[in-house]
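Listed below are the structures to be examined.
Okay, so chain A shows up in both of these, paired with chain B first and chain C after.
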Partner chain A sequence: MFLQRLNPSLKALTILLFVVLLALIFDPITPSLFLIWTVSITFLFGKVAWKKYVLYFIPFMIFAFGMLWTTVIFADAPANKNDILLIFGMEYPRESILTALALSLRVLNVAALSLLFIFTTNIAHFILSMMQQLRLPPKIAYAVLAGYRFLPMMRDEIKIIHDAHRVRGVNQAKTIKEKWNNYKRYSIPLLASAIRKAERTAMAMESKGFTGDKDRTFYRQFTIRKTDWFFPLVMLIGFTTAVIVSFEMGFLKIFS
Partner chain B sequence: MKPFVEVNGLCLRFETSQSNILSNISFKLNPGESVLLLGPSGSGKSTLTSCLNGLFPRELDGEMEGDIFIDGKRTTDYRPGELSRQVGVVFQDPETQFCMLTVEDEVAFGLENIGEEFEEMSAKIDAALSLVHMQEYKESAIASLSGGQKQKLALACILALEPSLLILDEPTANLDPIATKDLIETIKNLQGKIPFGLIIIEHKLEGWTDLAERCLLLNRQGEIFYDGSLRHAIRRNRLQLMEQGIWLPKTAQYLLNSQPDLEELPLTVEEFSKFASTLVNVKPQPRKRTAAYTADTIVETHDVTWSTKRRDIISNVSLMFGDGEFIAIVGANGSGKTSLSRILAGIQKPSSGSVMVKGKALKDWKESLLRQEIGYVFQNPEHQFITNTVFEEVAFSLQLKNENNMEEKVNLILEICELLELKHEHPFSLSQGQKRRLSVATMIVDDQSFLLLDEPTFGQDAHSNAELMHLLQQRHQSGSTIVMITHDMEIVDQYATRVIVMNNGAPVADCPPEKLWDMTPEKLKEWQLELPVSVQIQKICEEEAYYVSTTS
Partner chain C sequence: MANWRFKEIVVMAALSVVFGVVYLAFLPLGGVLVGFFGPIGYDFIFGIWFIVSIIAAYIIRKPGAAFLSETIAAMVEVLIGNAIGPMLIVTGMVQGLGAEAAFAATRWKNYSVWILMAAGVGSAVTSFIYGYFMSGYAALAPGYVTAMFIVRMISGALIAGLLGKALSDGLAQTGVLSSFALGKEYRKKNAA
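Up next is the complex of A and B:
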């Protein structure tokens, strides 16, 4: 469970760094090797439920495939017209295929990195850590935390309002336009209660002495320990290995 | 002694209104003194709270005059946040007082704000939680707590800051009677353990009268019209209290109805039982009930069950609802009262079993026709409002049908509900009691014969409560069937012709209220019910009479 115990801010920064690095790579080999690396790390050190992981990964797969398809179809005229790959009995310019693969693999890589973060991080801890390591103003941090509590409340509220309007004889929406109109009608009571709730929460927070001042102590202390640097290091090893292998195979293509 | 709180000539006006919400408020409070702050809805009680904890004038859109001194220092001279160590507030709504996800984090939040050292924090959190007996929930998620537990947590958060003055702003308004009793008990226990002054703002006085003898009474204009002992106020200013819609303690209210010139007025049933020997001749009073007339069934359920993934909410309920009955559904929180009412109204589909309305299965009814038969008033009336004026709100369902004499009909309903003068107002701008009456109005305009209400008397002052019950009784008299969920046993006793007790998703008793009051105390305790004060008093009198007759 080494990923769960990492400092959330450092983890987020590491992820961000590699997303940027990946954006500089334009060949398919580096991202595919790095993808394997990231997914392995997630399962080896994160104890993530694979069913859930696959379920979350599916939308990205679809998106990546769509990207692959469109890039191939709408590719620029290739520089080398005779260099052709044969896939399922169809001929494609080799260059377009490689670019398309690189792009869609990059999408999957970003997805894998994000999922690694999401599945191994407690959001509340992430925000608390951002306050302590990244100097996020408490005003914003606690507003986000309070809002996080509000989401399930809002969901219940929409359900109740829906029922309440139904009792009033508001027609059950069948078309999309009717549904849209219904939601417009819900918005007033929903907003009214959300604003009132937010105001009450703000009052309660202030009466507990909250001022938004940066000068505060923390019950949950987040620090960056030496072992936390292990994660960026491991990821960097993976990335460099991928780049070197790709270079040796003669595929490496870097944005310049 | 130097007073801890001193308020001099406080006047306050919001930017949006013409009149003062608080005018010329002056009072003093000694360290450790307890006081009840009473007044009708909208009399500025909560605004005064915000003034005392320093939120106003800092966050006020409006004007404020006068001085408030806390511990000899002007509230405006305290730095923001500093006053929270002196004055702590527990608010009314248990859902919106927290900003963290777990219990310990929430208690820690206050300590972090005042810059408590990390090393001290854990011990302080434990201490605060143990004061309200919540240690075992330290690591629980706040969302998993019950309303009563949330209020105790809110109290713990404040106690952790060790304030010298504790303000309770209607802390029990959203709690059921058992949780209310528990919270009051918790606060009583605290008074012996740690020193603090107490300002209690409440609508219903049951249980609080032992905690504070002195009371401040506010009127609708936001002026203090009385400052002194509560007993004295009830004796001397009774009419004024009633005029302002301030609840008297139920025991006092009940005794005053039969003996208006009683001098020594007991405030609680316990006090009464000490007095009882001198007061034996308290005559039972006639109930306000209107009779149920026919025995035709309007709604019936057969083996209705509704379960979520985790558990059965409603199991095998078979009930008949007769035409013209006034039925109360009672029971502990989570016993399935609301779920049952939603199934009856056709809002929630049961997992199995059937509901028949006028002999026809619920699922065979056309939605629009069903809504002309069954009205349902939600707990929060705001959820049901659709249009921009009170008039349109009531007219809405008639407009859907293109009714001819709509205007006339709407005006009539508005008059019955005492909302006629407000017909051009926006529904959201009404007072709590008016909103409630408007939501009832929208549900009776189509002559719905079956009216379901989910806790309609929650958190209202005495005046709006009386108006609402009067309105419901009128409907009942004109032939409607009323089914209401309530925690208020007084209402059950006074108005219901039949009471259904829910326990763990099934009805365990179904009888006229008198029969329920005669059941064994063990059973009532198991169902978390309390006898109404009037019945308790009558029982004491009967015992006393029996004692007298056997000894003499």
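Up next is the complex of A and C:
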């Protein structure tokens, strides 16, 4: 609940900060501990449907797994060649395995952080808040909001173009190659209609008095309250704890 | 931003939104390629992720078009919910800066095919430097990293530069760009 009510800009900046901090860490313990922390926070303080969460998380697992084996195989020559781990009867340098684990756990951790953001943030609120807290120019903010509204229309547009082509005798695509060709044929009309729509929207907005002036009022006000700072604080505690535990275990490795 | 017409901003945003979705659609394809070739898999198709910079800059021809469009496209990817998270906005900015640098080098005057390809390469260079630190390429063998870099630059020149130009020219022929820089150039060419 509390994650949904956080100021969206502050939430985004906090998450960016920890993604950057994670990029400096090259050991497997810190990201695994912080991953547990992030996921716990997501479920404790945000009403997130776990089924949906798992569904979104699976692609990252596949990506992380790909990262794991490719990093082991294409790893730089390790400093200590005699330090070897045995996995499934094959010998691997211990250092490569640890780095690979660290990189793939980092992928998972970044994934958990971004899911925390996506599942608890309303898109329009985020853009409005960026305008109010991060000084995003209103011209760009409202242009993006308008563009974002085009997305569902675009789906209808594809249907229309598809039907138009069928009326003119273009066969329905069955193979992947035909589908690909269809998309090639759709691309120009689709983009053309998007541009026309954008042009009309811009004219409509200007004719109704939109100047893009920074000195404007908002129907929905966003502010950063004192309680909002609780989130970065909680995340910082989790991260520091992970780093300290990793250091105590003798694993901690910072980018060098 | 001051000399931009609002129409141009909204059209740029609309293009960015469309390509934000296209970018997302290409992520799984990249994932499959990575599965086969290792991290270099992404680099074969990396150019697709620079394409909106080239299209927006080529159509609108104002300083900032390449940078802003790529940034907005990344923002849209984040808002829809993607594999990489809010950090993707920074990635988009870095890529946009690379393309913008190429256009800035000509003082936003020249939009020939070579400059468009150079912009694709520019995005490849900046995105690679960024990826080197953020994705930990440092842990990979130097020969492999070099191969990744070269493949990404070629992909940037071909997919972003050439395909981006082809799409924009196709659009210009439909006439929807008549009030934008590229459409005006077309009209002049046809009149002559």
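List of remarks:
Throughout what follows, the second predicted complex is superposed on the first by the 243 of 256 C-alpha atoms of A that agree within 3 Å, B and C clash if a C-alpha of one lies under 4 Å from a C-alpha of the other, contacts with A are read in each partner's own complex, and residues count from 1 in each chain.
Simple rule for what comes next: contacts are C-beta pairs under 8 Å (C-beta built on N, C-alpha and C of every residue); 3 or more make two chains touch, one makes a residue touch a chain.
The shown structure was predicted, so the numbers you read here are calculated from the model rather than taken from an experiment.
Overlaying the two complexes via chain A leaves chain B and chain C side by side, clear of any clash.
Legend: residue contacts after superposition of the two complexes on their common chain; A:173 is shown touching neither chain B nor chain C.
Shared-chain residue A:148: touches chain B and chain C both. Legend: residue contacts after superposition of the two complexes on their common chain; A:209 is shown touching chain B, with no touch to chain C. Looking at the shared chain after the overlay, A:117 reaches chain C, while chain B stays out of its contact range. In the superposition on chain A, A:137 contacts chain C only, with no contact to chain B. Looking at the superposition, the partner that touches the larger set of chain A residues, chain B or chain C, turns out to be C. Between the C-alpha centres of chain B and chain C, as viewed from that of chain A, the superposed structures give an angle of 70°, to the nearest 10. Of the two partner chains placed around the shared chain by superposition, neither chain B nor chain C is touched by A:61.
In the superposition on chain A, contact is made by A:201 with both chain B and chain C. In the superposition on chain A, A:192 makes contact with both chain B and chain C.
The superposed three-chain arrangement places the nearest Cα atoms of chain B and chain C 7 Å from each other. Counting contacts as defined above, chain A residues 146, 148, 188-189, 192, 197, 201, 203, 205-206, 210 meet chain B in one complex and chain C in the other. By the touch criterion stated above, chain A contacts chain C in their complex at residues 12, 15-16, 19-20, 23, 26, 56, 59-60, 62-63, 66-67, 70-71, 73-77, 99-100, 103, 106, 110-111, 113-115, 117-118, 123, 126-127, 137, 139-140, 143-144, 146-148, 150-151, 154, 187-192, 194-199, 201-203, 205-206, 210, 212, 255. Across the complex, chain A is touched by residues 1, 4, 6-7, 9-18, 21, 28, 31, 34-35, 38-39, 68, 72, 75-76, 78-79, 81-87, 90, 133-136, 138-142, 144, 167, 170-171, 174, 176-177, 179 of chain C. Taken in their complex, chain A has these residues touching chain B: 124, 142, 145-146, 148-149, 152-153, 157, 160-161, 163-172, 185, 188-189, 192-193, 197, 200-201, 203-211, 213, 215-221. By the touch criterion stated above, chain B contacts chain A in their complex at residues 50, 53, 55, 59, 80-82, 84-85, 87-89, 91, 93, 95-101, 104-105, 108-118, 121-122, 125, 142-143, 154, 157-158, 161, 342, 345, 347, 367-368, 371, 375-376, 378, 380, 382-386, 396-397, 400, 428, 442-443.
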